[in-house]
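Each in structure tokens, the structures are laid out below.
You will see two complexes here that share subunit A, one where it goes with subunit B and one where it goes with subunit C.
Up next, the complex of A and B:
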């Protein structure tokens, strides 16, 4: 087991190098730092001095890959590539283009993101599985049919509609919860309630339909037929045997996204003004803060690869038939 | 007197049309390709959604024929000057909707502006009131009493026109079916209307009728009223919604067109050659997959913005610039979304290559490339098709989210995402402005719902394994 985990973790290294190279090419080779500076300063105020100053303030004034002026190891380390890309491997994110410490920002803004993402995930699982079980239990009936139709309709509605509609209904008309904002500590529940509810609701269509098909696949298996033939009651069959086996693909699907919960939900957070990593990312994109976007790309990849690793491990834990190789 | 303009996306859209038509001809003579489609059109839901999709597609295609008009000749000017504004055939058809701009917000079918303004009346006194609209209901002398009757009269005329066209279409259909079924047209007509035909023609006719009615209503009313109101700068919301159709369709289809070659080619290579080729391709898609999609798109679009703002000389008109951005968005979406299909095709190829017929071909000395194209590809096509139709609706929805984040289509391109983005603060206004948002959501919902239902039918017909579960 340990050797397997180590091997999988080692496999992540070339992938992270690849991600790093892609972002480096995207951010520094397609457009030179000069282009970025000109874009940021605006067309009118561009003078060579201003561009130089902008670059120097943010450390973009070094050579890209190879510094001929420096000596010794500095030839490789005193470059943009080392400064901005290689340092990411040590989770040293540096300063944003507006001068803030990205690492500290991330550590601080992670918690509001989790306050939204974790309840959405857990409540969502509960709701989707119950709904899908209900449909699977009454499979082939009108209840099932209308449930599936409802799912298709719900998943055809843009997620933005749920957010805007929910905000309007619960905050503006009914005054149940504040429209947006956040407060640290336990008082946050008032602000978290609506985003969580909307996050769960927005996923009902696609997730329930998917879980239902997993349940139905399981119901059509031989062991279920055997159990039924032996006289096991339908409810017990469904809740004891089918649910247990169907949870394997469902849970492994959940494990993949566990680490990425830290990244937060981009749209929900920015609509509800929650100071999490999702809104952080959106703000960075809108302010064209390349340093933050670069850091988030790297962080996101690391978390995704962590998710893959966890999935592999959890597979072997829940399903003993799968051997580690 | 016009100069045709072929934008990049136009060219690709028409290339796509040609590909689809060629494939249809190819499939005509092959029973195994025809059979699933025949099953698709037997389902009432599929036929209904197909009609919706066809009307949307027709709108999008009309909106993909672009041209520039000649500017009026000025004295002493030898050369013909073309206007900087790129129009499409759809713009011409929609005519007054494009040009009849109000000052600011007005509600659907309103005759007065939505906000009070200082009006100086004939006596020189200043009052604050809702001023009359410049175009909406401007033909009425007394809007309060005449508006209802006027709208009713025009709607009835639209109903009559739509009904007449529908009757004509029904008659043509009955004649055609009568020839095929070798019976009299009346018998054919009765059978269609009773719902007795294998292909649910009645459903198709009902939906065609519905859309004809909508078109007739637009034709009769849109020149006199703003049917869905106007937005902040006074532009007709209905016009924006209709123009957004093309953007949605382009993103939904061109993205797949972009990603297909990658996914199919690399997936088959990985599955067929295995070994180091497989390793490299797997590494490639795991790496791309591990970057969060929105962030990769955002990063790429940000970089493109920098590039475009530093090279303004590359674009002759605003439309060309916006169009290139749309194309680039499709490219980026394609690059981030090909991995799923690639993995699927790789797995399927791994299975197929061990089958006897492939082994036999190999033993006969058939080349590797020929085996891939002649023997593997046709057996993977159903997976490709299912993936394409399933992806479509997701991409249309993604456009709205991306435009909200600010990395979507160009702000000057009309799209549902841009409409929502501009309108989302209007919910906070008192009194609320709801029509822009609702129009964008309704148009998007119709397209996505139709696409979802249609793709379900296609998947069921092409993947018999799944059918057992329904």
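Up next, the complex of A and C:
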């Protein structure tokens, strides 16, 4: 397994370089260093000298990808791309274009994101799997049909509607929870209650349908029929055997998102005033802060690769027949 | 043997515990305050003002901060020598830390002193001597903390000492010292510091003697030091004298500026000219500080009524009363009507009147508005989403609050901003630009066709007044009534100004050589191009409206939508033909509006703020004269002439002056709008007990829908339970059979 992990880690390097290059190109197709400077320097009384000075201080006065004026390796290394990319591979995110330390900001903002994402994942799994099990149990009945229709209806509604509707109902009309805001520590639970409930509720439709199809596929297998023929109660059959054997596809979806949990939920964080990493990335894009955008995309890529690796490893734990080589 | 229990019983048992536990936890966490309160229970009934920020401020260093979301903080923390009178209108400057209003004296090119009424062209240098009040102390700050021997405690920190430091609050000790004139001089020098980007450096280097050369000297010294040493570089500015600024004694300093520039006093009321102690830079420039985001840009150090005690731009920023504040009293005089409006109720009271101001991160408008209605924010603007809920416009155009808001005791304050939104013509463009009669008539025709009354009604919910010229009401030089209308665009009627009919615009267009929107010479349709920003779904109606205005003249308008950066780039290169832009005044002087059309500020040639690239020699001459004049009938005559030139040449369609609508709760006092001052927080007062009472009244939790919801859930689950039992029983029966 060790050799497998090392090999996958090595594969990750060209992937990360590629992601970094694509991010770089996409960002600079839309924004020029001059645009970035103007955005940071404000709208009034910005002189060309100030723009030039801002660029020079942050290394944005160099060519983007290729420096024709340099010689040798300098043609590739004396560029914005090289300057801004190399340190990322040592996880040194440096300072944002507005001068704040990105590592410190990430360290601070990952906790509010986790406070939302972890409960949404765990509660979501519990609710979605239970509901999907229920539908699978009553497969073919009117209950199953009603449940599927309900799922389709729920998944057809925009997530934004749940957020605004939830805020309107539970905060504005019923006065049960704060509309938005955040407090660190244990006091956070009052603020995460509604976003977590909405996060879970918004996912019922799509997730339960997906889990239901997995369970139904499993229920129709021979070993289930055999177990049922041997008189195993249906609940036991479902929770003991079907669920266990359906874990491989479930894990595919779950483990891969585990490391990326702290990257946050963009819309939930924005509407509920949660100071997490989702809103951090959005703000950076709006402010044309390339340093943050590149750091967050790089981090997201690393975590996604890590998630895929964890998924592979988890297969071996769930299904002893699978071997990593 | 232990019997297996059905799953439903497990769930029911879990719910049996979980629901009461949840309710108890809610009750325990909320204490006696409403459940939906976004604030900790300990804050109930305290003298705290609640506000928000949507975007974290980029700079809190007074040399750099300029945006409105920055000065809302720096204005309360830093104290320049002057400030605006809170109540009086027109706006008037009064001393803040200065002992009196500085009166400039003048020198000629040979250095001889001139009379106070000397002609501006003879004045080579204006000298401002400013004396500050004694005994003003800085806020408590670790940069000023000293040990028993008088050595600074935190000016030589190493990595080990910084290990447990994550924010300014982690420094156990703080200190203070008296404000001295040298601190003001130090800050003016900082405007030229190589690593700072002061937005006014360009402008000030045109005025403050030697500032431009000073920047070059500092840059050279900085680069030399940076090449020699590793880590952060700090130049001791005392070692580098600046020609135009000097310390006269402990409490007096002198600023020398080129020529006569009466508007300089307004700049002395802005945070750029606030004092910064050298200790601040010595403290913040230590190695390792920036990596922890501990910089002057994030943790200001001032003498003002408030100090920033929490700066977490990711969540919350907190201003707290500065315990060392020198004291100031609420003004006893205002303009007529202030006493009746209650703005003089606190006359003579010690300032500031609010202990703490908490700004919470609020990205979206809807949650902010809901929290305002619940009493969790003390004031709110009115945006288009909430306009209909907040404001109703009567048949006579009168504006009032909706009954819902009136019932809550909310009040509405309106004020015309010192801003203008306009449509500009690029005077370098061969079709719409230039000073020929043909181009002038074309621009005038378009000015008539663009019905800004309709625009304000549709797109600004009536929040604005159509502009008759470049100067908004409240600025010296503005003329209202019949004498103040733009006679090229409006006719005067007993009901007020009325836009000329479109037939008049078509007549002008024909006279310009474009009858029915076709070029008389080529016979081709006239196609014009408008550059504007924003192309989202919200903008499409606005852009269609603009197209419609040109279509009235049969002119085909091509709209080139772009982002703000690209737009600025086009303006710099002069490739736009017609554009829309705006200006928010820095200070209440006509010079700050008319300079937008001064030839030497042309965007293309001089990279200035004259985006229309308008250059009229007579206008420029008058501008230079008007800039140096004191307010009075003579200056008014010059301004009138300048405005007339602009109306005749029509380089802008004057657009409109936006109106600011702000809502305040009944417990919020002294909310008089002051659009120039940025330090008005100290005058505000709230009644926290009334607020607490109202919050409780408005936010009683309603629980019965939860019971209904639970019932619905049971009703939804019941068929499943019944079906499950039936199926299990059937199975047993089958098995038994």
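Going forward, the second predicted complex is superposed on the first by the 285 of 325 C-alpha atoms of A that agree within 3 Å, B and C clash if a C-alpha of one lies under 4 Å from a C-alpha of the other, contacts with A are read in each partner's own complex, and residues count from 1 in each chain.
Following the convention adopted for this analysis, a residue touches a chain if its C-beta (ideal position, glycine included) is under 8 Å from a C-beta of that chain, and two chains touch if they have at least 3 such contacts.
Please read all numbers here as calculations on a predicted model, not as lab measurements.
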In the superposition, subunit B vs subunit C on subunit A residues touched: C
Which superposed partner A:160 touches (first subunit B, second subunit C, both, neither): first
Touching partner for A:226 - first (subunit B), second (subunit C), both, neither: neither
First, second, both or neither for A:39, with subunit B first and subunit C second: both
First, second, both or neither for A:172, with subunit B first and subunit C second: both
Contacts of A:296 with subunit B and subunit C, given as first, second, both or neither: first
Touched partner set for A:187, first subunit B, second subunit C, both or neither: second
A:50 touches, of subunit B and subunit C: first, second, both or neither? second
Intersection of the subunit A residues that touch subunit B with those that touch subunit C: 31, 35, 38-39, 43, 164, 167-168, 172, 179, 288
Touching residues on subunit A, where the partner in the complex is subunit C: 31-32, 34-35, 38-50, 53-54, 57, 95, 98-101, 104-105, 108-109, 112, 134, 137-138, 141, 143, 164, 167-168, 171-184, 187, 189-191, 231, 233-235, 270-273, 275, 279-280, 283, 287-288
In the complex, subunit A residues that touch subunit B: 14-15, 18-19, 22-23, 26-27, 30-31, 35-36, 38-39, 43, 152-153, 155-161, 164, 167-168, 172, 179, 213, 216-217, 220, 260, 263, 266-267, 281-282, 285-286, 288, 290, 293-294, 296-297, 300-301, 304-305, 308
Residues on subunit B engaged by subunit A in the complex (per definition of touch): 283, 286-292, 294-296, 298-300, 302-303, 305-307, 309-310, 393, 397, 400-401, 404-407, 416, 420, 424, 427-428, 432, 437, 441, 444-445, 448-449, 452-453, 456, 468-469
Contact set on subunit C toward subunit A in their complex: 6-7, 25-26, 29-30, 34-40, 55-56, 58, 66-67, 195, 197, 199-203, 290-293, 295, 297-298, 312, 314-315, 360-364, 366-367, 370-371, 373-374, 376, 563-566, 568-569, 572, 584, 586, 607, 609, 699-703, 705-706, 719-720, 723-724, 727-728, 731, 735
